[in-house]
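Note that subunit A is present in both complexes that follow, paired respectively with subunit B and with subunit C.
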Partner chain A sequence: MTSKFTISRRDFLATTAAVTAMAGVSMPKFAFGADKVVKIGFLAPLTGEVSAWGKPGLDGCKIWADWVNADGGVKIGDEAYKVEFVAYDDEYDPSKARTGAVKLIKEDDVKFVMMLGGDPWPGAAPIADKEEMLFSTLLPSDLSPETELLVAPCEVHPIYNVTGVEWLAENKPELKTAVVCAQDDSLGKPSVATYLAAFEAAGIEVLDEPIFFDPATTDFAPLMSKMLALKPDIICLDTCYADYVHPLVEQAFQQGFKGQMISCTADFYEKLVEKTSKEFMEGFIFQFPDFDDPAMNAEHVNFNKPNDFYNEYVKRYGKGEWSAVSWEYASIMDLWADAAGRAGTTEPVKVLEAMKVGGTGRQAFGEAKWWGKELFGIDNALVGEWPVVAIKDGKAKIQDFKSIPAWWDKHSDLMIKHMKALNQMYYQRG
Partner chain B sequence: MTAELFFQTVVNATYAASYMALIAVGFVLIFGVMGVVNFAHGELYMAGAYTVVALYADQGFPFFLSVAAGLAFVGVLGLLMELALFRPLRDNPLGGLIASIGFLLILQTIAVLGFGVRMKNVPPSTQDKLVFMDGVVLTYQRLYVIVAAVALLSALWIFLRKSKFGWALRACAQDREAAVLQGMSINNTARLAMFIGAALAGVAGALTAPLVSPTPYMGHPVVVSAFIIIIVGGLGSLEGAVLVSILYAFVHTFVTTLYDGTLANIVGLLLMLGVLIVRPTGLFGAKERA
Partner chain C sequence: MHKPDSHSVNLAAAFGFVLLAGVLVVLPHLLSFSQQEVLVLLVINVLLVCSYRLLTLTGEWSLAHAVIMGVGAYTSALVAKKLSVPVPLAMLAGASMAGFLAFLLSFPLFRMKGFYFLIASFAAGEVIRLSWKWSDLTFLFGGPKGIKRIPSFPDFLSIDFYEPVNYYYLCLIVVTISLLILYRVEKSRIGLTFHAIHWQDKLAESVGVNTFRYRTLAFVFSAFFAGLAGALYAHYVGAIAPNRFSVEEMVYILIWAIVGGTATFYGPIIGVVVLTIVNEIVLRSLGVEEMRPMFYGALLIIAILFLPDGLESLVPKIKRLFGKRDKESNGSLASPQIAE
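Here is the complex of A and B:
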């Protein structure tokens, strides 16, 4: 029987070449060796009051993984690995962080664990030490000489807060007095110390003692009445959680505050604009840009396609869902993938060594140095420039990138003084 | 303390007293009639707030219609709790308490599944405010809570004292067995108590939703404060719940303003401890629940 479909040798070769070429175009850069996968642990609050600094980060990681995996994965040694995130909700609780760390390392076989840090870190620290696992935190105030496998390669909270105050002093010299408030916890205290140092360096008087409020506070009217009674030029909301920043700002608006506001974060600020007004929020200073900001395309910014990342995030999760941490864990993954690639292994200690080679690294906002010995007892924080952001006509806009090490060189004594006063130096922490 | 700060603090405390009284009176009514400490009461408050999120913030319904819906919805939720949880466990107060804890977790989970873990933004229904003395501010949004508390609690007081159903509720609260012997229906009074108690928490949550940015976990601190209030006021005493709500709110707000909130919480707990030492039944409590 003769087939209706015959094919000549020339046709066969041409077709095969075309198919091969097409496959080449659509194939990833590396062939996956039996679909090798490297698992990364994500141990952060996904529910509860602090979830605004966990969940959006995991959402950002999903974009990061989709992009990297579509591009062939992470090349480590001679192999390419797909990246898979395994999440565990620590609910911002140390005991749950401990359980999560054990599960991620022992059961899920992750090679790196990213945390928000803060109160849960002491729960996970013994596991990191025992299992020799590389952990990252967004809070360098977790660092100490006892925890060599904990790094802060992205966010340098609370040290970057000095840049906002410095910018304010340079651009609005008429502002002379401030009041400071924060929730009474491991995020609030070192941040208050930082703001106190920054205000002192800038010649801005802090009226009265900083106000530490109970994290269980639900009605912020009395707190704001107290602050406004001091008639400050600046209200500093420190590193309050989003669930506190919003009612505090709303109270400031309702009680008729007309001055300057500054805060570490202004997550979901569109809602603040909606609740108050564009006019009230005009000039509100904080430290976290939207990544669609044209200034994010500056040459020194190391984050991969920030505008596209922001647009993809908004497309997937909604416009008002972008937060301070949406990009941060993804940025840490850039550093980890680069270091693992250079180390040729996912073995945690070797990745850490590769990460710290030469004492510098490509932090999201530019070249930075591994730093922190004086403040944290160990050079495990990657510190360089950090943006100052202000709300202009209802939209976050980068005003400047300012150098944290440059500020430190001039005012380290002030920072250490205030950290000591609030028992926040590494050797004072329990 | 300047006069301006003093009067602003009075205004702040009046608001706090109002919403706490709405919650505490509902809490105490349920305890009085059912004999159950309803630890899900804070979540009923949360359910009221989320009704406003769903209807007013998300769907654009009028604010007061959404508040009324919150009152009705949470009242019905209370009826369902009575039927499904508390009635089968009527002779087992510990079982009722445990069931209420289980139910609060269910309500929190439903809120998380329906609305996410993060706080929800509820725009104020009005930006208008009253300004006294050139700086003392009372927003209309807070004024609504004060007016609602006065109106609803007055109506409840009249209902309990002037109506047949109110008498039945009080009789059951004082002595359930004697009330049954007089021909009163325990089921009916329990339903009524649960509906009113839950609805008061629901309306408090609904009215304060634009002021607190609702979260699935917003009920916990509220129920802790309510618990302190009803212990100091006397378990089962509605008058005690109202008066101690005012006392607690004023002490808490003034201590917060003059010192700080943590100290205010400590003062609240010391107040409870002191009253329990001097008068174990609370300021207005009888030896048995009344």
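Here is the complex of A and C:
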């Protein structure tokens, strides 16, 4: 038997292209240059409906890294390290989070992984345990006695929501009734429990049961009609995603609501002002300031050059892109860099020990303490002061900084009662 | 015209299967750690989409298949975690529960056909999915946060199934057996009846075929294997939540089936393999994380525009291409002989 091997030009080009593509896919990327680099993993939703709490955070981290690297990097031990972020889109899915955690730790050799948390965390948790990697979450409700290498060093969602209600009770005592709605998921439930506790502590009556709507909801007119039928002084939008806050606020406007609104976030609020009016949005309370706010220059604020950070963010990504999480992951990096510097190593367990020395830490809005045993079963949440923000003349303005631990000392029983009622205590979850 | 004898066809098929088996065994060792993770989920999704195809053989497209997968996942997780039943048995319980639920659902659902069946299956699926979130049942299903710390597949002869390569081999065995069963069902008299119901249901009824019973059978079979896929998923990832089995996931199953094609057994497999590689390996490697949906969407549109019969329609074209080349090369070899 004879055979004849021939290859045409087309075959050659096709084969070469395929091999090149495969090589690009499977080969590691080579970095040139002699700088020492420490890699940080960013494992959060960058696409999908929860991406508003992931992608702006990555954008903020890029600014943080540029600034730090321009200053010579992070000093760890006797060496200065440039910081490089490696991102993986977990699509808010536990299996993608597992794959992402494996890639970041075992292939990219990151020394710390930042997550949004929530549904994806249980997928990454076994990897964190097995690889002894330090992870951070923005959602302390991920914390439990088993999660020793998971910290919530910036956002203490949903506990800080009590500060907005407390401020309302002090400054607008005429408001006596409220209705609450939230999407029925792992963000909505604990947040509703927190608002219920805060309203009860403030002597504000919650009319009817909180309304939990399905995350697939797109038509919010009936929901808002139901809430307005109760004639509340306050509409509480809990911790709804931006995709829900916007249509809910629009519906409240269109259906003629004249009262007070309060929400955990008001991401992209300029668009809300455009869709409704300055008058309608006047006094809307939420928990996340613009960092160009003069109040951010207060002495107790630990975030590095907040006004410049905000201006740079707006310059790079546009004014309407600033959101609740734009600064949070960067703030966590401040804490990590400080701890790694003091520990003299990037080794995760040592960095965690350095973070928690003395039981306190420098949170973005001031000195805070490692806390959470009663609520989460572990003291891995950094809790201190948190700002209360109101929209004034179409612009977010910090009204006050209020202490979460001070509220907790007075009303912890209420919080635990409502968390238990909604099965949100750490020993009740899954 | 020259017709290849059956012996050489069988030999070629056997060679093809041995080659495929060799590739599947070696494959994980050629991949990176994260690609091994993707591979495990890909194999599970192959079972999911093939089980879906069995239902489509009768002409009905359900929107409850992701939820049915969830039934298998939830049942298996609960049976293993709360009742401490060994995981392999819990998996079978999960698959059986999915099949049983499909049997119950078939009574209301198969009173409808076509579009009405599609919408009703979506509604039925949502009722089940929302029950997992219901506050009063949180003690059981874990509410919106779902169930976590699900027991993993136990070590066997010191093989650690937490390792993706080992779990991949386990899934490969389970999925291969399942696909063989699905294939045999499709090629059996029952499978032919499914086809008949799809194309000529009135005619089939006129010759005594109980179409309701056969549709139910397809639905139950399909659900059993979807439930098994769900159980494999749950014990690997270790966490499940209601949103994991939402309509968004259902859309992925539909895309895999439509882009791959459902005319052949291998069509959906090509769909899920190609689209997973594109989405999870190629686009991620290109570092276009935030723009992946855009690229993925564009690829889908291109595939639908230029391959309306799915990727499976490329296979005969490729075969013809190679056949033509063989002929040409045979011809060039033969010509000197003719000259002689």
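The criterion applied here is as follows: the second predicted complex is superposed on the first by the 396 of 430 C-alpha atoms of A that agree within 3 Å, B and C clash if a C-alpha of one lies under 4 Å from a C-alpha of the other, contacts with A are read in each partner's own complex, and residues count from 1 in each chain.
One rule holds in what follows: a contact is a pair of C-beta atoms (placed from the backbone, for glycine too) under 8 Å apart; a residue touches a chain by one contact, two chains touch by 3 or more.
If you're wondering where the values come from, they're calculated on a predicted model, not measured in any experiment.
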Combined model on subunit A where subunit B meets subunit C, clash or fit: clash
Which of subunit B and subunit C A:Gly123 touches, first, second, both or neither: second
First (subunit B), second (subunit C), both or neither touched by A:Lys55: both
Which partner, subunit B or subunit C, touches more subunit A residues: C
Contacts of A:Leu422 with subunit B and subunit C, given as first, second, both or neither: second
Partner chain in contact with A:Leu46 - subunit B first, subunit C second, else both or neither: both
First, second, both or neither for A:Asp214, with subunit B first and subunit C second: both
Contacts of A:Ser186 with subunit B and subunit C, given as first, second, both or neither: second
Which superposed partner A:His246 touches (first subunit B, second subunit C, both, neither): first
Partner chain(s) touched by A:Arg98 [first = subunit B, second = subunit C, both, neither]: second
First, second, both or neither for A:Ala87, with subunit B first and subunit C second: second
Residues of subunit A contacting subunit B in one complex and subunit C in the other: 46-47, 51, 55, 184, 212, 214, 216
Contact set on subunit B toward subunit A in their complex: 1-2, 4-5, 8-9, 12-13, 15-16, 112, 117-119, 121, 123-124, 129, 131, 135, 137, 139, 142, 211-213, 215, 217-218, 220-222, 224, 253, 256-258, 260-262, 265
In the complex with subunit A, residue positions of subunit C that touch it: 31-35, 37-38, 41, 130, 133, 135, 138-139, 142-149, 162, 164, 233, 236-241, 243-244, 246-247, 280-282, 284-286, 289-290, 292-293, 329, 332-333
Residues of subunit A touching subunit B in the complex: 46-49, 51-52, 55, 184, 211-214, 216-219, 221-223, 225-226, 229, 242-243, 246-247, 250, 254-256, 268, 271, 274-275
Contact footprint of subunit C on subunit A as seen in their complex: 2, 4, 21, 24-26, 46-47, 51, 55, 87-89, 92-95, 98-100, 102-103, 106-107, 119, 122-123, 125-126, 130, 146, 184-186, 188-189, 212, 214-216, 422-423, 428-430
